[in-house]
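Two complexes follow with chain A in common, the first pairing it with chain B and the second with chain C.
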Partner chain A sequence: MTQKIRVSCSKSNLKTIRDFVNSVLGEHEIPDKEMNLIIVAIDEVCSNLIIHSHSCNSADELEIRITSESENLVFEIIDQGEIFNITDYSVPTMEKVIKNKKNGGIGLILVKKIMDRIQIEKNEGLNVCRLYKSLAR
Partner chain B sequence: MQMELKTQKEGDFYIIKIKGELEASSSVQLDDAIQDVIDQGGSKILFDCLELSYISSPGIGVFTSRIEDHEEGTLSMALFGMNDKVFNVFKILGLDKLLPIVTTKDEAKPLI
Partner chain C sequence: MKYSIEKSEKYTKLLLNEEKLDTLKAPSLKSEIITLYQSGTINLILNLSNVKYVDSSGLSAVLVANRLSKEVGGYLVLVGVTDHVMKLVKISKLDHVLNILPTEEEAVDAIFLNEIEKDFNGEE
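Coming up: the complex of A and B.
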């Protein structure tokens, strides 16, 4: 089953996205701590797109789709425009982040630690960031 | 829920109470509150996280950007009262080893 939401590229919509992910994941038996980490990962990808790819331009939109098949969750974050390929960025270490006194990179560290796989696809003018998470233990 | 901050002084300690969600829209406010304490000559900050319901990387970054000051002793920080979900985000990044994170204010005070 796939559920989706479409929001404009405004930082205030990150809350809307978190609430949507929370409500979809609430249909599964996921421990609170794990569910929160998944919400954080989606929040990080969406905030990167909203802030860096779309400069918080509320005329632009993101679509978030969540597909669940048994114990596997697939999150797709779809936008148009210049692609922001998070898999192109090397993940800094926390030591480096702390030394630089900047928070750039923490979101990427979180996404890569939380999700099982990240795939980026450009298809007919649409950019798709696909994140996979297995709930199997 | 928007984030609300309240700073109180208790002896040498400044206590910054964080209520709500610390994320992309709200993290600058916390950074400003810390800077206000420093500008007032404060060097010991306790973060009351009892009502902190959510944190993402911009919020985490407020703390990591000051860890070196904490390690050098120019600014002492401790966090208390975090719920399990918020603590888990610090833990997955290994920050539970770099920052004092405890349950109560009384436990936090002797640590800084």
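Coming up: the complex of A and C.
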């Protein structure tokens, strides 16, 4: 089953996205701690896109789709415009982040640690960032 | 952003009265932290007991405090760290970098101990 939401690229919509992910995940038996981590990961990717790829331009939109198949969850974040390839991005280590006195990159460290797999696809002008998470323990 | 600040001779306590420390709230915290250190704070106790949700911008604000604290030779302590926040702190390995204690009382003790150590090392 796939559920989706479409929002404009405004920072205030991050809460709408988090609420949407929370309500979809609430339909599964996911421990609160795990659920919060997944919400953080989706929030990080969306805020990166809203702030860096779309410069908070509310005329642009993001679509978030969540598909659940047995114990696997697939999150798709779809936008148009300049692609931000998270899989190409060399995530700094936390030591480097602290040493360089720049705090950028923490979000992507979190996303890569929380999610099982990340895939980027560009298709007919649409960028799809696909994040996989297995609920099997 | 809602918070309260209590200053005493040896330390400043900052209690966040927000449930979410995210992209919308973290910039205000960063700015308050910078102001505190500019106005002479050396040791800071950051009480996060009301914070139930944090993201990278929230962690980034904490790292700003960590950096400024090191610059002034101070001691930064996080107290009341809730489960979710602790999970993210551990995932990002910040638990190896930050001083985290359960309560404000323990943080005050740690600060006094650190001050004594600094005095002792200074006299050597």
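Rule of thumb we're sticking to: the second predicted complex is superposed on the first by the 137 of 137 C-alpha atoms of A that agree within 3 Å, B and C clash if a C-alpha of one lies under 4 Å from a C-alpha of the other, contacts with A are read in each partner's own complex, and residues count from 1 in each chain.
Following the convention adopted for this analysis, a contact is a pair of C-beta atoms (placed from the backbone, for glycine too) under 8 Å apart; a residue touches a chain by one contact, two chains touch by 3 or more.
Values in this document were obtained by computation on a predicted structure and should not be read as measured data.
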Evaluate whether chain B and chain C can sit on chain A together after superposition, giving fit or clash. clash
Taking the superposition on A as described, I'd like to know which of chain B and chain C A:52 touches: first, second, both or neither. neither
Please indicate which partner A:106 is in contact with in the superposed arrangement: first for chain B, second for chain C, both, or neither. both
What is the contact status of A:33 with respect to chain B (first) and chain C (second): first, second, both, or neither? both
Partner chain in contact with A:96 - chain B first, chain C second, else both or neither: neither
Which residues of chain A are in contact with chain B in one complex and with chain C in the other? 11-12, 14-15, 32-33, 36-37, 39-40, 43-44, 47, 51, 94, 97-98, 101, 103, 106-107, 109-110, 113-114
Chain A partner, complex, touching residues on chain C are 22-24, 53-57, 59-60, 63-64, 66-67, 83-84, 87-88, 91-94, 97
Which residues of chain A touch chain C in their complex? 11-12, 14-15, 32-33, 36-37, 39-40, 43-44, 47, 51, 94, 97-98, 101, 103-104, 106-107, 109-110, 113-114
Along chain A, where are the residues that touch chain B in the complex? 11-12, 14-15, 18, 32-33, 36-37, 39-40, 43-44, 47, 51, 94, 97-99, 101-103, 106-107, 109-110, 113-114
As the complex stands, chain B meets chain A at residues 21, 23-25, 54-58, 60-62, 64-68, 84-85, 88-89, 92-95, 98
